[in-house]
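So that you can tell them apart, the chains are marked A, B, C and D in the order they are listed, and the count of residues begins at 1 in each.
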Amino acid sequence: MNQVLIVGGGPAGLTAAKTLVDRGTEVVLVERKESLGGMARELTCKGLVECRNCGVCFAMDRAGEILREPNAEVLLLSEVASATKADHGYSVKIKTAPRYITDDCIGCGKCVAVCPVEGKAIFPPTGSGQPRLHWIDKSKCLHFKKGKCDKCASVCPTHAVDFEDRAKNITRNVNAVVYATGIDPIDACEMSRLGCGILKDVVSSVDAERILNEKGRLMRPSDGKAPKKIAVMQCVGSRTVKVGVEYCSKFCCKYATKMSQLLLDTDPDINLDFYFMDLRTLYEPQDEFKLWAKSKKTVKLIRSMPSVVLPGKDGKLLLRAAGETDLDITETEYDLIILSVGMRPSGASAELAKSLGIQTDKSGFAVANHELESKGVFVCGAVSEPMDIEETAVRAAATVSKMHHQKEVGT
Amino acid sequence: MKARIQVVLCKCCTEMPKLLNMEKLQKLAEDSSMVVSVMTVDAVCDGKDLARIVGEAKEREIDRAVVLACHKKDISPNLLKAYRRAGINEFLIELVNMREEVVLPHADEPERAQAKAETKLKAALTRAIMLAPLEKQSEEMKTKNVVIVGAGVAGQAAAHEAAKSGAHTVLLEKTSKSLKVPGVIMTHAQLVGASGYGGNFQLKIKAGEKVEELGAAAVVIATGGGWTTLKGPLAKAVKDAVPLYKFYEHMQSGMVPKGPVVIVDTPDPAGKTMKVQDYAWDDTLETVIQLKKKHPELLVYVIFQEMRAFGLSELAYKEAADLGVRFIRYDKAGAPKIDAKNPIALTVKDFSQGEVLDLKFGTLVFASIPANQDNQMIADALRIPMTVDGSIRRGSIQRWPVTTPKPGIFVCGSALFPKSRELAKAEGEAAGTMAGQFVKRGMIEYGGSVAQVTPEKCSACLTCIRTCPYEAPFIGAANKAEIKVQACQGCGMCVGICPSKAIDLHHYTDDQVMEEARTLLGGDF
Amino acid sequence: MIVAKRKPLNEIVEMLAPYKKVTVIGCRSCVAICLAGGEKEVKMLVSALKVKNRKEGRKQELDGLVVERQCEKEWVKEVEDKVLDSDITLSMACSLGAQTIGDMYPSHLTFPGLNTGIFGVPEEQGVWSEKCVGCGNCIIHTTGGICPISRCAKSMLNGPCGGSANRKCEVNLEIDCAWAAIYDRLKIQNRLDLIEKIMPAKDWSTSHAGGRRVYVREDAKLTPHQKKGKEAVQ
Amino acid sequence: MAERKPKVIGFCCEKHGMDAAVLSARSGKQFDASVRLVQVPCTGRVDGIHILKALEDGADSVFVLGCLEKNCYYDTGSIEGRKRVEYVKQMLSEVGIEKERVEMFNAASTNAWAFPEIVSKMVGVAKKLGPIGGEKQ
């Protein structure tokens, strides 16, 4: 009986899990959050009529498949407490936090509506995350704090709220570990000069994606109006010594260009300015985005990094930037500014990673090497280097294929 | 038409939240003709209930069933298995998604929801009566061969991985280079023709002068980039210009390049389209860094339109710059030119600085990866789609990143799109694994809901053959279209387009579809 | 093959408006292959007309059926009762089909549903181009296998004319000049000398100009002795 | 009886088309009950006749929902589907029936917002144009 532990339920973890399950290996998938999908949960599909190969649906479809898979044990709201070397692999202890909601949940959202807590204590699954079950944050919920409120339970049409749910400690013996904890987006507010956190209508690309994924339209956070003039700004947080991220996050150009195209699909009379250093669109030998931009009168590509965003007249935003070749400063008004943030590896230097002997490079990414793999630890996905979903999927499959080999040699 | 129908209502899915009137639904089911058994269960996904259903089914010897539950994908596997145990064909079971189509989205309008549910039940019954049993067949794969076209980085990686899952790999290499990879290696070999379908291909391979037939279960296309087909004014002007990979090999073999070295992204910088071949950046940077480290005195220029130093190679970019490599960005207007009369100097306008530079060079290197010419022949042979710029087109990402639309044919590396060695290797491994797993099955599952031709109606107009993405239809001995069942994926594209209505899709016949629609429109809600 | 195009539906609607019982008859030959009058088109037409009638609140019985080759009496015979049972027949075949039915049942109305166009070649799916006009005297062996009669706007025998510029035709700049094509083809075949040859004026009597043409194959005809039924009677 | 309920029918591909509908339902989204879904393996299977027949049988508006183009599970199915729909639209406009009654849509399995929007659009059309041939039908 060979079982494999997969840490992280994002695109990498899911692809790895699916690949393993397809070849008859049993997997235990541990996800910190309440639903599968990782970053992909909150990313929007970038196509309206035509697919733009953002790969989001690929990840989410895998999530659905894994949940249906009898050979895959999915543990949500769970963390790997410890992994100790045992013969033929590792003995792992997993802590699973209670969800307080049973599978009977139908996602109607009545509970969220009635929850009296400021900022809510019961939440729907994030974005398009799977499974579609709500969950309760114990630390906020009045039922646990004051021990009386049960508004959600009383309103739930399927009696899916179960305050008796308890935390579990699970132990599994696995002969390999796939470490795919993925990434954290950089907080755009680290670049305060760009107005994030100060000006309402300056949003990070992550927020933009989330809103698009929920509503399909972008609105100005300040007044909820549809923006007519938008600026998209690349390399926010990436390629900047200041934030300490010197590398290029690779996928920002891809998602930002595709998102811009989506924005114009949904509302053709949006004026969109695209500020960038180098246009590093992935998989576009013909520079489709440049061609597309050329074909649209309403789109401008500007090779310049804006210096500062200031409040402008009647709720507009004022963006100051130098010209492309000459250095004269121009100020332009916008309704909405999207900051394309980069990424940092997530949990590459966590306790678990250390105990598994995973080292990090100078940029903080987990380093995969043969020595590790011979010990049955496989690092895959964006935690090992910046990559987009499609590449992640490819690499995850590749990594897992190595493991296959290991087993034949090993046990 | 006689039928003995069992209707199963799943409480979990259809009753919660208390919206529908189950009694009424049950009553309706009982009263409809040919329904011999109606059951209400707590949850069809629950083992015990399944057992009950099957028991009842056996007892009342029903021959088809309508199940009102939730999303097909979630319940069908176990449910169908259970019914198979009761000896009922899986295609005689009609699943109705009450949960997501009625209960959840209409929670506020019970009456309408009820009416809709009843109509859906009626529609399902109409459809159930029209359903016909279908058998899935399987065919043994004649060989365990995985043929890999191209023995570059990707090809070799694919061979290694495929071999691990027990496939016999056959590597086709155009040149005569010797390699250390598992399986057979055919040098001077090209794929020139193919027939068959995923699992059982018959390939025509031109090895040297003679053409030989070879059976294959799966094919991996790893033709890589068309390094040899560098076209453009610069390439024309400078005869001894080399592509990056050659330059790299020379460097590895310790050859000292004639300096200064100029690396240009593409030999056709001022090309009509805005074509910037996705220049293998990581490789370029790796090369210049090594070069600079070996010969610090050597002048090295990198001339490009778009610096695509993805991800961590951004750091290499910095390093290279620190080592004194000169990076020059140009745009169309100031694109690099070489005077054919004295091909030792290159003029380019540095876009960011605005100055025009005259660079004397000893070696000119092109880093662009044009699409491989062979792709066309291969795509023609295997009948798979290509992109406008001559590389193989990947199929829908719904299937998998390294697959073509045709099952059993995988593609990786620069054949898909120009890439760096490292990524090409990863893709090769992925494709190899998938091919290996595909072969490991040893069987081709086919049949079921597939297309079928009524020869009397067929006008042999070839429309279906031109439309099908899988090459399933063909003109048979009777000069009428026939369907190669093993290749048919059951999408029904040929059915929808046949001008003589000679093709129909099992399980989704015109009558079944239109009757269901009619019944649904009959209801008032 | 013969290539036809469906008439604009509003015309068809107008044609059929006065009649209560309509039979639409398609054909499985040329017109099916050129996606104009096969079973699919017939069914869609009937359905579309029914929707239209629904809108107008007009009561009209519509029935659609298909025969193998509408230009042959025997095939039409198979659906005779259906034809005669209706007030009017809409032929979804080339005009040959329509006329065959018309000739067989003179007192019965048969209207054309298609505009019969060209002797065309399917260049690719959905594209048909004219390559012959049936002039009755083929000369393409002298023009590199390219027919100037059909492909040259002026049906020139000694082209190109003065209007041919950058391989395009002066009549319509979209069209390629047939004679430019002929030149290339002859060049490939090293028969350019042929283009120098002056061709005599064409005898159009073999074409439509000679009046309606009837081709007869005496040895294939049935003698009165062989004929069955009323055909035998002179 | 109250004002007549619109009749909207949607031919929905069993891959991303259906997934999008299911996801929106599971996200607690509500949409007009008058929409009827008919599942087809792929929008390439949809035939002009299906659409016209549905209009004949009393549908006020018909939509076809498939995977995004270039991301169709069957590679080119949703492109084919769109062609069929366009042809029907053209036929309808020829006989003088509002071609807005028929539409083609694409959706990916992950966008929950798409389906309710599609439904409300088509229901809107149905309500605006009313039944073909007026109430008497």
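Just so it is clear, a contact is a pair of C-beta atoms (placed from the backbone, for glycine too) under 8 Å apart; a residue touches a chain by one contact, two chains touch by 3 or more.
From a predicted model like this one, the values you see are computed outputs, not experimental measurements.
*Asks:* With contacts counted as defined, which of the two, A-B or C-D, has more C-beta pairs across the interface?
*Replies:* Between the two chain pairs, A-B has more contacting C-beta pairs.
*Asks:* Where the CA atoms of chain A average out and where those of chain C average out, how many Å apart are those spots?
*Replies:* Roughly 61 Å, centre to centre.
*Asks:* Counting only Cα atoms for the centres, state how far chain A is from chain B in Å.
*Replies:* Those two chain centres are 25 Å apart.
*Asks:* Let me have the rounded angstrom distance from the C-alpha centre of chain C over to the C-alpha centre of chain D, please.
*Replies:* Those two chain centres are 37 Å apart.
*Asks:* From the mean C-alpha coordinate of chain A to that of chain D, what's the distance rounded to whole Å?
*Replies:* 32
*Asks:* Multi-chain contacts in chain B: which residues touch at least two other chains?
*Replies:* Those would be 99, 104, 107, 396-398, 467.
*Asks:* Could you list which residues of chain A touch at least two other chains?
*Replies:* In chain A, residues 51, 53, 57, 61, 64, 106-108 touch at least two other chains, as defined above.
*Asks:* Considering chain C alone, which of its residues make contact with at least two other chains?
*Replies:* Residue numbers touching two or more other chains: 40, 43.
*Asks:* Testing understanding: with touching defined as stated, what is the shape of the graph linking the protein chains, line, ring, star, complete or other?
*Replies:* Graph shape, chains as nodes and touching pairs as edges: none of the named types, so other.
*Asks:* Could you run through all the chain pairs that touch each other?
*Replies:* A-B, A-D, B-C, B-D, C-D
*Asks:* Can you name the residues of chain B that touch chain D in the complex?
*Replies:* For chain B paired with chain D, touching residues are 71-72, 97, 99-102, 104-109, 112-113, 116, 119, 385, 395-399, 405, 449, 467, 469, 489-493, 495-497, 505, 508, 510, 513-514, 516-518, 520-525.
*Asks:* Given the complex with chain B, which residues does chain A contribute to the contact?
*Replies:* 19, 22-23, 51, 53, 55, 57-58, 61, 64, 68, 104, 106-108, 157-158, 239, 246-250, 278-280, 282-287, 290-291, 294, 325, 363, 365, 385-387, 390-391, 393-395, 397-398, 400-402, 404-405, 408
*Asks:* Spell out the residues on chain B that touch chain C in their complex, using ranges where they run on.
*Replies:* It is residues 457, 459, 461, 463, 466-467, 498-502 of chain B that touch chain C.
*Asks:* For chain C, which residues count as touching chain D in their complex?
*Replies:* For chain C paired with chain D, touching residues are 8-10, 13, 40, 43-44, 47-52, 54-57.
*Asks:* Taking the complex as given, what residues does chain A use to touch chain D?
*Replies:* 40, 44-45, 47-51, 53, 56-57, 60-61, 64, 106-109, 124, 128, 132, 213-216
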